[in-house]
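Have a look at this one before I ask anything.
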Amino acid sequence: MLVVVAAVLLGLASFVVAAEAPRRVASLNLTADELLVEMLPPGRLVAVTRWADDADMSNVAGRVPASAVRLPRADLERLIALRPDLVVVSEYTDADFLRLLEKSGLRHHRMSGLDTLAGIRAAIVDLGSAVGAPEAAVRLTARFDAVLAELGRRLDGTKHPRVLYWADPHTAGVGTAIGSLIEAAGAANVARELGLRGIVPLAGEKAFAADPDVFLVTKGSGAATALLRHPLLSHTRAVREERVVEIPNHLLVALSDRAADAAWWLASRLHPARVPEATPPPKLP
Amino acid sequence: MSAVLETRGLWVERGRRSVLRGVDLALRPGEGLALVGPNAAGKSTLVRALAGLLPPARGEVLLEGRSLASWPRSGLARRVALVAAEDEAPDRIAVEDRVALGRYPHRGALAPLTAEDRTAVARALRQTEIEHLARRPLGTLSAGERQLASLARGLAQEPAVLLLDEPATHLDVRHQLHLFRVLDDVRHSGVAVLAVIHDLPRAATWAPRMALLDDGRIAAAGSPTEVLESEAAGQAFGVAIRGVPVGDGRERLWRFEERA
Amino acid sequence: MSERDRRLLAFAALAVALPLALLAALSLGSVPLPAGGVVRSALARLGLGGPTPLPEMGEVILWSVRLPRVLIAALVGGGLAVVGAALQSLFRNPLADAGLLGVGPGAALGAVLAVNLGWAQQRFLAMPLAACGGALLALLLIYAIAHAGGRPTLSGLLLTGLAVGALAAAGTSVLLVAVEEFRVRTVLFWLAGGLEGRGYEHLALAAGFVLPGAVALLLLARPLDVLSLGEEEAAALSLPVHGVRILVFGLCALVAGPVTAVAGAVPFVGLVAPHALRALVGPLGRHLLPASFLAGAVLVVVADLAARSFGQYVELPLGSVTAFVGAPYFLLALRGQEGRG
């Protein structure tokens, strides 16, 4: 009797271990690419997206193990051929695609809640336990927490400039990573004042009327030049006084532990007196 | 012999206009009737009402003594065939296939064609003398041949009454002679034939009987000579009509003159 | 060559082409599988011959990813082609196709709504079901409005379809602008037409409408032939013209709606397949409708194979592939007609 129970428990335990420690992990989104490069030994990361090597978008460009296949798209057939035992997908992956993954015998982990810094932190912890690397997740979140804590300490008591993210005609309101980034960098998100939620279009006239202190635009997208030539927005105070911050794309789209670095970078532009260095110290207590 | 198809005090409206205003007409088996009349007299409307395509506003149409309204559609189409002046069938359809669609009232939507159907189609092609065109697409036919194919479709229905609306309009004289010879054969096999014919001498030559429709009423009926020489015909067409006896005196050469 | 021989040859060619196209589509892809292996794997599933020669990974790709997708492609193509052929008889116009029915924009509206509300990401089959619902609602609306003024005429149905379609398209645009940026991609991909990520459930959804609908249209082959003779002659031959028109219109919408729901917009199939086949097998429904089904199936199976073979970073939209092939074909065909005319 006891032997049977022990055997069952042992079987269960080995199942749980097997389930928690996938040997071959495939990533279908850039955020997971960045996190998994930090979390997993090279042999266990079998696939990343084609953006992982793109220095413009990725924070791990040049550090992705050569053995990982770069998937040009979410190609189910190639994915099955790689025989991963965990596929990391994003919040906006279709439910129908996920069902087909399951039917093909592939387990998946869905990253979600990446629209706030707290959500990003939680997603790092979840991913760590899903891929069987909880200690790596602890390492990443410790640094994430430390950078944000140091940032908070330095920004304490500052005046918050009013920042509007602008990707003509879209802006980022409440419930977006960009909105959280602006607020973490010691600024007020103008889109929140306007009651906007999500990445949504905003009429140029409303943007003009909102009169932001600073425009935040993506570097290399031509958005800064477009603002200078915009029939209306070129007349805003922020543009006339050249307070247009161009953030590198890889920082803007970083929904990984690098989101803390992005906040630090933005804070260094908005509050140069308090945060003089552009990059946060690599190690903090 | 009793009438196979007749109208009693038939009124038909198109839109708000009364096109037929009390038509009484009877067709007996094997009879050939030419329906003549000036433009807009209501000839096409009468033909369509006889085929059951236009409902009477007043009066009735009787087929074999029963009101058309009480006939099921398919039963009606098995007894009355209508051949229109214009053939709207697709150009690519083969003559034989087009003729075989005349079996629809007999077979309906689903039942496959039987040997009986194929015999009827072959007979119709033979009667109209277009067997050699059987597999030709309609689009490759002359207007005359096309009209014969339309007629063959009507014959394939094996009707008791054949109604034709200006069957010879687009035909050259050789095809006209051919067509009316076929109609005679059909008539002699016991089918009642009513044809709307524009060409009055042609109508008079072919038809044993003629009816003149004027302003929605039958203005005259009888032998072609009686009808065309009647006061009513001159009035209806607004011309002077004179028949000059030729040959043995039974035929007429018809002369038409504008009235002063 | 006699007309009969030409017809038999056309059917024989289609009967050979469809299995070949299916086999090619099953064996080619981003992970090629040997055609012989595909055949032997199929035989093994049927309990014939030895065990499958494919590795387990190949079995999964073949049976859970490729087979449903390839079969959906065949159903989509066959369904659209039959609908095209039937509508061309109905309207007596070779340019009629499923786009006239007004159900496409309804399907699009349903799909965008599902994306907007986040259902597409959260619930399995939400997007095709919403699209299907949109299409059927549009159909009901068209009927109800057209019926409101008495017995609906064909032109009444057409105009109502046009108006309902325009309304749905306007709604789609509004939702598309309001949809969150990262979801726009999902919508655009769907609107462009494609079969990526479709499984057996999508197949069942499509088959549930396409097969009964296509069979019903095939059964209406002779009434459609009679109708092609013109309204008056058809009525004189005892065809209930009005009823048949409404029935055919409804059946076509019942096929086209779910097809659009599963595959998005796949243009030109309903025009090209019947047009090409009419010259080979003649205009009679009993030949043209089944031949169009087969040809449409071959066309879309091959187009889908091209769609997933040629795109590197994304699959090509299936709708673009059929348009790339269909539009030039149609221009050439029309030019040929003018030359003869």
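By letter and in written order, the chains are A, B and C; residue numbering begins at 1 in each of them.
Methods note: contacts are C-beta pairs under 8 Å (C-beta built on N, C-alpha and C of every residue); 3 or more make two chains touch, one makes a residue touch a chain.
Every value quoted in this text rests on a predicted model; they were computed, and no experiment measured them.
Chain centres here are means of the Cα atoms, and by that rule the chain farthest away from subunit A is B.
Per-pair counts of C-beta contacts peak for the chains A-C.
If you average the CA atoms of subunit A and of subunit C, the two centres end up 40 Å from each other. Averaging Cα coordinates per chain places subunit B and subunit C 45 Å apart. Annotation: 83 Å between the Cα-based centres of subunit A and subunit B.
Touching two or more other chains at once is no residue of subunit C. Residue ranges of subunit C in contact with subunit B, taken from their complex: 2-3, 92, 219-220, 222-223, 225-226, 228-230, 232-233, 235-240, 278-279, 282-284. If you check the complex, the residues on subunit C that touch subunit A are 29-31, 57, 60-61, 64-66, 119-128, 177-178, 180-183, 186, 196-202, 311-315.
Subunit B meets subunit C in the complex at residues 48, 51, 53, 73-74, 76-78, 81-82, 84, 86, 88-90, 92-94, 97-98, 101-102, 104-105, 107, 109-110, 135, 157.
On the subunit A side of its complex with subunit C, the touching residues are 50, 72-73, 75-78, 80-81, 83, 91-100, 103-105, 170, 198-201.
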